[in-house]
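Consider the two complexes below, in which subunit A is the common component and subunit B and subunit C are the respective partners.
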Partner chain A sequence: MTLRRLFALSSLAFLIVLAFSPVKNALRPYRALQRQFRVVGIARASSGKAAEVYSSRPIAIQQVWIPELNNRVDRCTTCHLGVVDAAMTSAPEPFRTHPPTFHTPRDVQRFGCTACHGGEGLATDEEDAHGTSADATSPILPTEFIEAGCGRCHDAEAVRDAPTLSAGRALMTKSNCFACHKARGHEDFRADAPPLETLSMKTGAEWLRRWLSNPKAVDANATMPNFQLTGDDIKVLSHYLFARPVPPQLQHAIELAGAEPNGDSARGKTLFAESRCISCHTVGGKGNGSAPELGTIASRASRGWLIAFVRDPHAFYPQTKMPRYSFTDADVRDIVAWFEDELKDFDAPADILTPLRVNQTFAEKGEKLFKSAGCFACHSGVKEGERFGPDLYGIGELKATSLDFGKRSDLPRTLAAWLDAKISTPRSFASGLKMPTFAFDAAQKRAIVTALLAIPAIPVPDAYRSTPVQQAAIVPAGPVGEIMTRYRCLSCHQIGRAGGDISTAPLTFEGSKVNHDWLVNYLAVPYSIRPIIAERMPVLKVSKEEAGKLADAIAMIYVDPSTPDDPFLGRPASDHDAAEGERLYTTFGCRSCHIIGKTGGYYGPPLTETKARLKPGWVFRFLQNPQRWRADVRCPNYGMTDTDALRLTAYLETLAEAPAVPVAAAAPARKEAAK
Partner chain B sequence: MTVGEWVRNTSVYRSVIRHGIAPTNRNRSLIIFENLFLHVHPVKVREKTLRFTHTFWLGGITLASTIILVATGILLMFYYHPSVPQAYRDMKELQYVVDNGVFLRNLHRWSAHLMVFSAFLHMLRVFYHRAYRPPRQFNWVVGVVLLLLTLLLSYTGYLLPWDQLAFWGVSVGTNMAKQAPLVGERVRFFLLGGNIVSENALLRFYVLHCVVLPVALLLLISVHIWRVRKDGGVQGPPDDERRSL
Partner chain C sequence: MRRRSLLIVIALVLVATSCRRANRPASAVAIARPTQYELRLGKEVYQSYCIGCHGDSGAGDGFNAFNLDPHPRDLSDPVFQKGKSNAELADAIRRGGAGVGLTSLMPPWGHTLDDRHIDAVVVYIRSMKR
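Here is the complex of A and B:
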């Protein structure tokens, strides 16, 4: 009998134990949250009918299932119930409406949540979904790096509405990260660091020592990172660099230039200013800063080297962004004479430019170091598939538990903290690491970490990928191409997606925009189109013949086919109610930014010379939609009808009869602005 | 005529249950004789064999965990796809979405541990009680084969979650098999369906775990229990030992 009682009792105990699981199941937190959401929803509902919808919501797991996007299942909306519910703006979390972005609320069903935010979409409890535990498989992206989510699909360097990501990607390219690290989309990356063949005739052992011990201390614009070389390392590297043979032609040119008589320093100073060298360089920190600081240039490079270099930079440094100005021999002599007089480091020792007497043993050691420290990756180029550093593939989704924190026991065990420390103090993790130290500030580090977190382990399917269209043959072959290469138009201007960001004027559709004759004159004597912008286009001393060829080619090649040649359809512009156009000009308030005659604002380009400068078809299309070619154009889109746009075009085109006001005189504020 | 009597008189009842309800020895014997599942068991057992200290119920515990494993295993099969993109994800789904999914999976896992453990202890008990001696020598061999099947089931189930532990566990295990002389390479290739732990290995282990090994196990368990009866019932501590106590 006792045995039977024991049996009954133990069975009961087992039943109770078994009941644990269903009870736990019924008490899962999302159920309570969904009941709470009903209450919040009813309180916020605008009508009884809307309240009914909330009160009749079933308590159930919600999910977004996207088979095409790596079979993604996101159950975030099980708790975040108000993500696309406009009534839940400013509701308490987790019910609050998603802040409006380009993709929300319209694309929630297309992308789900974890495509941008990371985290474990399958999970239905907070800790697992957000991945807050140390060994979580996919932790959520911290909000400060949220733009990394954009980069999972958007491959382009510049992504709209993602300034941090775009800045990080641009900075990675500029810092030559991909010279050492392999990354998808950067397989063909070539660093643009200068070749070092003429170094022994350019500078001295002391300057090189200073440079190698910390490039940023010598030149704030330096892109070369600090390799934290020891005194011995610097010694052997210097011997190697000074032992490298100078190509005979360059040697000859430098020697000849060094023997030339001194130029006219005062004239050189004027020429330097006229040529607008500080559109790229800086002098004493003033200027654009994308090219070396010239404040102490005469203590950095020998006179012969400088003269020979400015005459033909491309012979020394084929990848340079610097154009080859059409200076005369005397011009260059004068400019360098000014350098020698004024742009000197007067505190530097007298022997700063004294070359090194090469010791062959040291030079051989230096050659080995040049390879083992990775100098070659930027300065000699690398072949495809032989990158010096680790592959960056999938770095954005590395598991925190798989990371090597080495000596850094101070760091939080997260991927973002690890990446941040890797780019701040790369060698603090262990001894013998080779990555150099870059001097990034906090914002730059955040941008780079964002760009790194955007590199996924499993790439999104092609249907979701937004890859910029590759445009071939941006610069035409033949003589025009040679002129464009010589003057390095792409160092500042963008054509399609290629080119630099110094100029605000892309040349992609320049041929549809400006008149041929105006362009010829402009190339000879450039000025700034918008009075508020500092003059930046260098005076390259383009000859009339070259300018003509360039203008011909631009009119032929850089054309937008959707821009009409003649919006007036063969009738004179004055037939199109220019008077009504003038009224529209007043109605839309164009004069607050644009100058006509003598009155108007300085923000936009003066319009008096419209007929001379712009093609009517372009003006017509621009008025219809100013952001048609560039998203960042500030001119408001008034949604003008075709008729109104045509009338306004007609008005602007008939202005030319009035005598053109010289632009230079109309722009007192222009010297300011630029960096 | 009570309802109970009426039911017992229907032809359907009489065709299924062919013995009376009176607690007679004959009826008790018929219960066992006429049932395919029960008749592997003896009709009568000695009372002392039911005592806990006689066998420590180890065989029974092993059998009970086997039944739990079959039941939970079948339920788990409803939620599991033996494919590389799905297998691990299905573990997550059990955790996050399936009602009582974690309980189901844990029950399966802990029962499996219990089964291996109790089977070992059962074997030790049999050994120390000298129950492997004639006439039980055949059943001892069947038991050894059953233990092997249990271990193989445990091992094949290890791969199925398709996580890192599973992957490396099976990598190491099959590399050990490779070290066997002459046939090692072939055994490994046969087990994995290839040279690496891949989707073929997952599929093979799944089929072994859910079909081949359980069927073999259930057949041999039947033989094992049936042989217990044929060999004169369970043997507890040997008599000479009892005398010496």
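Here is the complex of A and C:
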């Protein structure tokens, strides 16, 4: 009897132990969710058959296994059951359909979930999967920074449909982050901060003191951050900078320029406006802002330095984006005379440009500080493979528990909060930290944190990586290349993937686009093609000879072989019926954006002079697909037939400005209009 | 004996059911609001293609609006918003004014933007309601 009882008890105990695992499994929250999903699904099902599918769903763990993507196993769809189910749009979480993106729903099986979202793919309960605890290996990306997920595979600076990530990456480049920090793809980064050799002849001790204590307060366009230097730091640095020898040739040029007679300020003012300097600079905050503010330039730089610099910026600052205008000596004197008359800080002390008398002991201390504070990283360049700050490899996947929060006990223990504080107030973590302070606003900070979170610990395999083809701009060697370098075409225009973004007109296929003769005239005396855009082609004073050489080269090199010379060739006359084209112009509503004659909208370029400016083959191809050459072109694709495109081309090619306005007379009128 | 073990099993099942109720996640509440990503994408599209005529706030006061007759629609108008479904808004964007019996000055965007972008911009337009 005792034995039997013992046997019964032990088998019961055995049963309980055996039951433990299935019972625990039965109680897992995902099972309840999956049952709930059946109910939601049946309620939302459009037909009995669809309801059947929901009700017969097995209760089981779902997973996406991707061996080729770092052996990823994502079980997120165990709870997020409606991810690719269109019937679950705006269903209660966790069943809601994934918002449509380029990759969802089509690539869910290829990427899984955690490749973009982070989180622990293997886990099947919410807390572990989302990594909400501080010691989680892989916490889920907060939705605020979700575009960081795009950046794990997409290496390009600008990523389509990821505006925050793209802005963050561009801002990091512009802020010279990679001058101090090593990061994949930026190993060869060189900051383009100006060399400081001529500083002692450019500015005074008081201006330099103001600049070093807070560059942004002196010039809102400044890219130099605030190094939070003490009064003593500023003193010794100033002595060092004023002690640096000026290269003899530049010294000579500055001295000679300073001794020249005063120019004609009124003429200088006109020249300045005509030259469209504010396509890059600002005056009183008006202008593009990618180059220094000029509102108080005469209290920032000496007259001799300004004259010598504007005459040949490249001798002073080889990496500068500023073109070397073909001004005459008198032109530059006049412009600087206007600076001296009006672009001045009238509240500044009289000695703002008085140079410093150098004390050698201070200068030596300053030289040490120039190195230890990291000034050299932007101003003198760095040795190959060496960076001043810690490198950024894997920073986007650091574990929160591994971060040094130092004095910042106020921060939430998350990577995002840590990164945000690091770029807001980098020195608040401990004393003795060297990273300077950047004046980023909330949106900029969010963008940079997104870009940082996009830097993965383990790079994704090459098959998954989208790396843009690094296509160097084709700039011809020899005299044409020299002209293009002199006028810095690439500071504003794009050629291939290289170049600046100030101009909306890439030059990649310019030769197929515009007529040679028009281009020669335009280069010599450019005017505004898009009146709404403040950044206009500067009047660089290109000579007719240079303009001819440039136009020849552009017609030869920058061509799109798929653009026909004559789109009408071999087509019946009815296909290039201009009257029909004119009717289409009205039907399509082109006039909401374009001006012909005196009527039409201001959004696109006026079409009044199409015949002189644009080649018919290009117009035809553009009408077929306006986004053909540049994805962000605003002109809508009308999906028009080839015949319609041809007729419209025929109409536009009849448009020639009645009597051509003499350019010389037109220039001042445009200036008035710009005001 | 058999009855007792049966009782224990029943007790276990009961405990199990009650646990399940306690474990039912609280996160399953209905949300219909758009995700931040949709709003951001919609805003980007709007600011690239629509802002010139419809203006920053959707009031139909973009810098190009004064050239247009009829005037661009005030998208922030609550009456207008109430009267149009998302599908109707998307359709007007896709096929343009001429496509829905209105002015051809509003161009069709169906060949330029894909459905995803059009849906996102509709979401953004909804967020502009006064």
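Observations on the structure shown:
Here is the rule we go by: the second predicted complex is superposed on the first by the 622 of 675 C-alpha atoms of A that agree within 3 Å, B and C clash if a C-alpha of one lies under 4 Å from a C-alpha of the other, contacts with A are read in each partner's own complex, and residues count from 1 in each chain.
Definition applied: contacts are C-beta pairs under 8 Å (C-beta built on N, C-alpha and C of every residue); 3 or more make two chains touch, one makes a residue touch a chain.
Keep in mind that this is a model prediction, so the values were computed, not measured.
With both complexes brought onto subunit A, simultaneous placement of subunit B and subunit C is permitted, the two fitting side by side without a clash.
Once the two complexes are laid over each other on the shared chain, residue contacts for A:Ala19 go to subunit C alone; subunit B is not touched. Within the superposed three-chain model, A:Thr124 lies in touch with subunit B and out of touch with subunit C [touch as defined at top].
When the two complexes are overlaid on their common chain A, residue A:Val525 makes contact with neither subunit B nor subunit C.
The wider contact with subunit A, measured as residues touched, comes from C rather than the other of subunit B and subunit C.
Of the two partner chains placed by the overlay, neither subunit B nor subunit C lies in contact with A:Ala43. In the superposition on chain A, no contact is made by A:Ala457 with either subunit B or subunit C. By the touch criterion defined above, A:Val53 lies against neither subunit B nor subunit C after alignment on the C-alpha atoms of chain A.
In the superposition on chain A, contact of A:Arg75 is made with subunit B only, not with subunit C. By the touch criterion defined above, A:Ala443 lies against neither subunit B nor subunit C after alignment on the C-alpha atoms of chain A.
The gap separating subunit B from subunit C in the superposed three-chain model is 16 Å, by closest C-alpha atoms. Within the complex formed with subunit A, the subunit B residues making contact are 85, 89, 92-93, 95-97, 99-100, 102-103.
Those residues of subunit A whose C-beta lies close enough to touch subunit B in the complex are 20-22, 25, 61, 71, 75, 120, 122-125, 128. Residues of subunit A that touch subunit C in their complex: 8, 12, 15-16, 19, 23, 26-27, 29, 31-33, 36, 90-96, 99-102, 126, 143-144, 146-147, 161, 163-164, 532, 586-589, 591-593, 600-603, 626-627, 632, 634, 636-639. Remark: subunit C residues 1, 5, 8, 12, 16, 19-20, 23-25, 27-32, 34-38, 40-41, 44, 48-49, 52-53, 63-64, 67-68, 96-98, 103-112, 115-116, 119-120 touch subunit A in the complex.
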